[in-house]
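Data block below; observations after.
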Amino acid sequence: MEQILIRELKDKDPVDALFLVKEKNVNFGKNGRPFMTLQVGDKSGTLDARAWDRVEELSREFEIGDIVKIKGQIQLFQNRRQLIIHRLEKADAAAGLSFEDFLPQTARNSEDMMAELQQIVKTVKNDFIRQLLLDTLEDSELRPMIMRAPAAKSIHHAWIGGLLEHILSICKLMDFMGSHYSFLNRDLLLFGAIYHDIGKIWELSYDSGIAYTDRGRLLGHMQMACELIDKKASRILGFNEELRDICKHIILSHHGKMEYGSPKRPKFLEALVVAMIDDLDSKIATVHGLLQNERASGDRWSRYSDLFDRYFMLDDLKEKF
Amino acid sequence: MEQILIRELKDKDPVDALFLVKEKNVNFGKNGRPFMTLQVGDKSGTLDARAWDRVEELSREFEIGDIVKIKGQIQLFQNRRQLIIHRLEKADAAAGLSFEDFLPQTARNSEDMMAELQQIVKTVKNDFIRQLLLDTLEDSELRPMIMRAPAAKSIHHAWIGGLLEHILSICKLMDFMGSHYSFLNRDLLLFGAIYHDIGKIWELSYDSGIAYTDRGRLLGHMQMACELIDKKASRILGFNEELRDICKHIILSHHGKMEYGSPKRPKFLEALVVAMIDDLDSKIATVHGLLQNERASGDRWSRYSDLFDRYFMLDDLKEKF
Amino acid sequence: MEQILIRELKDKDPVDALFLVKEKNVNFGKNGRPFMTLQVGDKSGTLDARAWDRVEELSREFEIGDIVKIKGQIQLFQNRRQLIIHRLEKADAAAGLSFEDFLPQTARNSEDMMAELQQIVKTVKNDFIRQLLLDTLEDSELRPMIMRAPAAKSIHHAWIGGLLEHILSICKLMDFMGSHYSFLNRDLLLFGAIYHDIGKIWELSYDSGIAYTDRGRLLGHMQMACELIDKKASRILGFNEELRDICKHIILSHHGKMEYGSPKRPKFLEALVVAMIDDLDSKIATVHGLLQNERASGDRWSRYSDLFDRYFMLDDLKEKF
Amino acid sequence: MEQILIRELKDKDPVDALFLVKEKNVNFGKNGRPFMTLQVGDKSGTLDARAWDRVEELSREFEIGDIVKIKGQIQLFQNRRQLIIHRLEKADAAAGLSFEDFLPQTARNSEDMMAELQQIVKTVKNDFIRQLLLDTLEDSELRPMIMRAPAAKSIHHAWIGGLLEHILSICKLMDFMGSHYSFLNRDLLLFGAIYHDIGKIWELSYDSGIAYTDRGRLLGHMQMACELIDKKASRILGFNEELRDICKHIILSHHGKMEYGSPKRPKFLEALVVAMIDDLDSKIATVHGLLQNERASGDRWSRYSDLFDRYFMLDDLKEKF
Amino acid sequence: MEQILIRELKDKDPVDALFLVKEKNVNFGKNGRPFMTLQVGDKSGTLDARAWDRVEELSREFEIGDIVKIKGQIQLFQNRRQLIIHRLEKADAAAGLSFEDFLPQTARNSEDMMAELQQIVKTVKNDFIRQLLLDTLEDSELRPMIMRAPAAKSIHHAWIGGLLEHILSICKLMDFMGSHYSFLNRDLLLFGAIYHDIGKIWELSYDSGIAYTDRGRLLGHMQMACELIDKKASRILGFNEELRDICKHIILSHHGKMEYGSPKRPKFLEALVVAMIDDLDSKIATVHGLLQNERASGDRWSRYSDLFDRYFMLDDLKEKF
Amino acid sequence: MEQILIRELKDKDPVDALFLVKEKNVNFGKNGRPFMTLQVGDKSGTLDARAWDRVEELSREFEIGDIVKIKGQIQLFQNRRQLIIHRLEKADAAAGLSFEDFLPQTARNSEDMMAELQQIVKTVKNDFIRQLLLDTLEDSELRPMIMRAPAAKSIHHAWIGGLLEHILSICKLMDFMGSHYSFLNRDLLLFGAIYHDIGKIWELSYDSGIAYTDRGRLLGHMQMACELIDKKASRILGFNEELRDICKHIILSHHGKMEYGSPKRPKFLEALVVAMIDDLDSKIATVHGLLQNERASGDRWSRYSDLFDRYFMLDDLKEKF
């Protein structure tokens, strides 16, 4: 069976494919009969699905986070595609399926991005910072996590490889910032670019859907990044406590304000720039993603965005003017 | 008389020079005798000055904003220089003195900056936007104002030529942003860089000190920039109302939030980027200036900054690591 | 066919009438069959309507903002009337139907209100302000817009003619304020009464339902009112820039606080009074409307009002005490 | 000795008069010798005064709130008048001096205002409310307090008779509101006008300067007004608990928001209107007073007002346009 | 018929029992047929119930707050029990049913709690405060109300007897606070413990469900507690106004901040401690209740709590470590 | 020379004693001559001091944080004592003076408090938590720091030994909380009591006055306490990561809200209780200290407290009622 991508499904298409279950609800209509609403996904997107038959049985067979095989058909209502489920069964765990194939993925090649990142790290002048960064990126346990982790649960870069994409984008911005504002320490900017969100490799789980881990909820990615600094720096001869504290401060302050979860406000320029550029890259990615989604509607204005407390104009201004 | 610069005055130096009066207070000590405290300035900085003799007479002879000739001597108290006034008289208006020589100035050459800016404008692809920007920069009335205006009353780029410095810095940032985020309309970013604060040429007066104008207080620089768009665009054949509105929106929304004085929140990505990059360049300039001043104290931490609600670390991290 | 008014429909009534479609949703029940929920309106009110047959077909035939002919019957559930749709077709565009007949209307006669308003304007003493106001009200393009525009999308005076009603109410309040507080400039108060919301004639569209226009979203009614001042004042000999700025400030500051979208806080008493009286008249109209609606429930307390963050008591205190 | 009014004193005038001491500070200059700074007042205004001789002795002889006899002379510094004290002694308590003669006073006649108020109360239609109001105004203990109390410690109507002025102004506004918005219960509006701040007769002391009482700080004027309702209403046959609660709610909610000290938000229109009209009359009086003071400076813009978070324009617009 | 408790009902159980109706909604499915959703309760908990037959008839027979007899069966969907209604009729009012038997109840014996409370009150040293508290608890009208009232509508101690439970818990905390912080007046702490929420006996009705009364909405429990002090204290010889005011202040300030509805902030330590300990006991009870409910899900983390703006960890840490 | 305590100095007393310099300012009077204002302290309190002779010389001889020997005399102005300096010299560093003798001290014996604390720790049931706490208190480096550190720079327990006092007070409160709310894990409460502020031993320096350290400003006491857990727990066999995370969460969340500097909100009851009881003990100590100071004035109400945004009543209510 060749896997059809969700992105390509059209009205009336028959479906016989594997999906990851992302949401699952059972409700019931009049006369007590239940129906089931799912959100299923593959690497190309997500789709609503519904079933009316044998719902109770079906419902017991799988949970959110399982991969299921669904036969059914696409129906279009109000310009949105739905998958009407005829048959559904849990995929055989023994079949060697990889959850990763069902999660959204970065559009770029992670190996390429990592190589590009390492090239940038090699331009760091301070020996201790460079060593810290290289030891981190080349750590055989961390490296694959950095290459796979998403940068967020749902807001921006919320896909496999998203963290690395976000890090690399900020590194390039920092490279420019370092030359545009000549009084800034470029090494610390690059450190901040790479380490500010690195704790997300442990804050989020991303094996079968993206979710917060227990440690993520209890400690957060900042605390875990600080612990990583201690671990790595203690193995670098001459990495003194003062530089460690400067590095930890950049991490602890990168949300910019205490009400956003930073226990410390940025207290020197490089920490301030890390916080502002992180915010810039995140906001642009978030809004760009939001506009891309909304443009499918054909309207000139987006639906109301609670996150941004406004309607966005959907015109493609690059095209238009 | 050769003018000595405030920046260069040292303890015990005799003084016989012209200064601009920036603040003026008369208080009085025990037994009813008044003394006068001034803040005087020249292009290189500001200085406190005090007089104890003939204060009432002296006080009637000049006002804030006048240029005065002072004879006296520098005294050092608590590591701060003070000018003890022996004689003071208002400078002869007929002597052809230029207030500009007594205000802080950009460290760069305004003609060079303007030339650089015009080069950037010529790379704007949209004919209407490019024409609007060129007509603005080449307007014989506006051009000298844009070259002289400060970008703010006191916070950042608060000196003659500061507006142009701020505009040029943002243009370069926008040039990078336009290539880093390929989906952005670079022409609109450059428009925003140049026009977002252009109303400051009317919002601030900067002939004898920097102050708000009546129009600045009643309307603000955003409103005046929108009026300038109407004036300029109405003379460009084919500049339609839709593009005008897009341009006006970028201006009206560039403070980012309503509570910061923007009547509209940014509703498309280019407007959001203009607001964020303006904030970035302003904050970096503000903090950089603050740190430069504070470093003179020799302390490791700044005094408390009310504006930023924190103490800043004064280490020069570029030097240190 | 004589048009029956929504206000008068009762349980079991057969319906065969024209309505404006204000909301339209297609959902579907068990076994995949869709049903359609509409909100339809005429000049006397709004009504929920539902259809279960041929929903997909029906759904393709019309959009929100269309006038449709519906045959069906009223059913009462939980004391609320619903229109069960038996047949529905889009009204013939060629039939010369006027959308205006399907929108809520002011209870007063717009010509009368306009006449009354002009009488008040004639009592303005300052020649320039009076001329500006007369030129505006007598402008053949603007006059019908001022007579038709609503004062808001949904909160208060949200009906055809609502703007004029709101303007006239405030003019009368200002007439009293001017005499009660003898130090106030009555002419500026009346100017503010008439011009503060006049930009709503362009901020809102009200041809087929009340909605925000693109210009409304990008610029807002304050900016557009300022542009109107420039346009009108430039044709009045001797109308100087200082008075223009005073007038513009009244408009720009009439939301009272920056977080409510005013780029300037009121900086003189007349501007402050315009902001406060606008708030007073709007709030009273809003709460009065809310109470009128809620009283239909027969309860002593309203449902929770998110807008006002409270429950309102529904007793008619004028009647009661 | 004929009492000279502070309002009329000019530079170089000799002074020999009685004043109320409003502030008193002893500081000392170089060589350990103290000097004394006072603020003294009479019914026409306040004045700064200074003494350099026998300060310790002098300081022991009187306190803030005493009436003192001062001989000295007016000196002008920076356009502000100061009283240089040559001799000072505490006024003879036995001399029958009335503190009231040294506090700022309403410009109107309190008897006239009270008579006008009673006329308005007689137009209240509801027998119970009218009786409550008449019983309150005619109470031999309360009546003189209502006629003398200020409406605030310092912000607005902060003078003897200010409360009555404020009450009367709001009554007239309410008379208009009741006819302009015909659905409002005018009796409740008038009740709110008279009772909302009546607790200030106990919240403030105003015998020798205006200050908060202990009960004012612990309970506040709302709580004390509610207790007055209970006391008065319990003596009016047929005044039921429901009307009492409505009246108490108007008082308890008249600050409009919980963060302004109202334990309840206004929950019906009359309560809302009382809160809004109180705010209107107070703000107008406050800003009008502030502008009057500031205009003495001859500047076009006021000093920064912390209370309103802005600079005010000082032009007399009634005069100007 | 023996009453089965909701707490004990399991899947497939037949039901024939009396319940209190707490919520009632009629919706309708496809083809215009309505169905009814209820929330019913007894003293052990609440249950969702549904009916599809004769819904219109049924719906007219009873209202929220009625006791109804239901025959039907329990069905389990998504691990939640539902009661499928086969027959329903309103219970016979003449049958002597007590609503109290259908409301949630304190787990403790109210007589025991009251006895324990009275023992504590007898340890109050100040004669006036002790007498005030005893007179209150022994008042034949108030005593049964204090023993039955809930402490809140829904957040914490929201059951019959909850107020007394809350009062007793705080009394014990205050007993400790009084000895731990030896400078505190224990009598005032105990007064605050007992009186701070006593107005809830009138603010809430709890005969057929817990709801706000009209007086509760208009005045609030603080105002009513102050009135009770006046009533009780006026009958105790020598209970002076100063102590009354101290007591009233403790009540009026016990929400701690004006934005939480306290017209006064706590102005002495005992008032501050009453506010903080009330907050402590309420928050602990609220979160403990929330966690108990959520643990039924079997998850490690609670659903998002809007009230606390967070997810809670559900581990029983007392058990675990 | 026997050291006289500041607390005991009275008007006219001659002074010849050692003091710690806490503040130092040089200003100058009329005719250019400087004078010096100091705040000096010993373990019993602080005192203002002034010098007029040889100020420039004197000023160069010592800095804030030095111990100086002063000869002079007490003078009383406005009921406040001042020390008039006749002679001043820096104390001989070789004289073996201890800064500690010049800082405010806990009124209790630190050894006794530590012994009491260890007794409480021995009642902790969980072996890992008990071991962690004992290892911490018995650590030969940490123990003396815990016994000396203040709990804050200025707000509460701001004296040598203050941290231990605060810890012990909370331990006793937690002991009660654990029994009053039987569902709480008492071991975690005691852990939180001891560890929540333990990082203050590094956040504050307290050798010559209390001040923030660099690490304190960059990382804060929460981060440093988490590092201490890692260090200590890694040496306790079987102390698993889950318990570490629970412990760290209690520390990271103990400020209760993100805007108060906690990167995480409390997510289980024990963490919430630690945050609330810390707030309770700190606030009571702060207000109690404030009231003690203010009572010296003899007024009934305190000066305005910016920290608490109110005036406090100064009556000793324990004494009074």
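Read from first to last, the chains carry the letters A, B, C, D, E and F; within each, the first residue is number 1.
Throughout what follows, a residue touches a chain if its C-beta (ideal position, glycine included) is under 8 Å from a C-beta of that chain, and two chains touch if they have at least 3 such contacts.
It should be emphasised that the depicted structure is a prediction, and the values quoted were computed from it without experimental measurement.
Asks: So if I look at the partners of chain B and the partners of chain F, which chains show up in both lists?
Replies: Output, common partners of chain B and chain F: A, D.
Asks: Give a one-word verdict, same or different, on whether chain B and chain D use largely identical residue numbers at their interface, taking over half shared as same.
Replies: Different: when the shared numbers are divided by all numbers used, the fraction is under half.
Asks: Between B-C and C-D, which chain pair shares more contacting C-beta pairs?
Replies: So, comparing the two chain pairs, more contacts are at C-D.
Asks: What whole-number Å value describes the gap between the mean CA coordinates of chain A and chain F?
Replies: 44
Asks: Nearest whole angstrom, what separates the Cα centre of chain C from the Cα centre of chain F?
Replies: 61
Asks: What positions in chain D touch 2 or more of the other chains?
Replies: 29-30, 214, 217-218, 246, 267, 311, 313
Asks: Okay, what are all the chain pairs that touch?
Replies: Contact pairs between chains: A-B, A-C, A-E, A-F, B-C, B-D, B-F, C-D, C-E, D-E, D-F, E-F.
Asks: Where on chain A is chain E touching in the complex?
Replies: Touching chain E from chain A are residues 25-26, 28-32, 34, 56, 59, 214, 217-218.
Asks: Help me check something: in the complex, which residues belonging to chain F touch chain D?
Replies: 29-30, 33, 35, 50, 52, 75, 77-78, 84, 300-301, 311, 313
Asks: If you look only at chain B, which of its residues touch chain A in the complex?
Replies: The contact residues of chain B facing chain A are 126, 128-129, 169, 172-173, 176, 180-181, 183-185, 187-188, 243, 246, 265, 267-270, 272-273, 276-277, 279-280, 283-284, 287-288, 291, 308-313, 315, 317-318, 321.
Asks: Quick one: which bits of chain A touch chain F in the complex? Just the residue numbers, please.
Replies: 214-215, 217-220, 222-223, 226-227, 230, 242, 245-246, 248-249, 252, 258-264, 267
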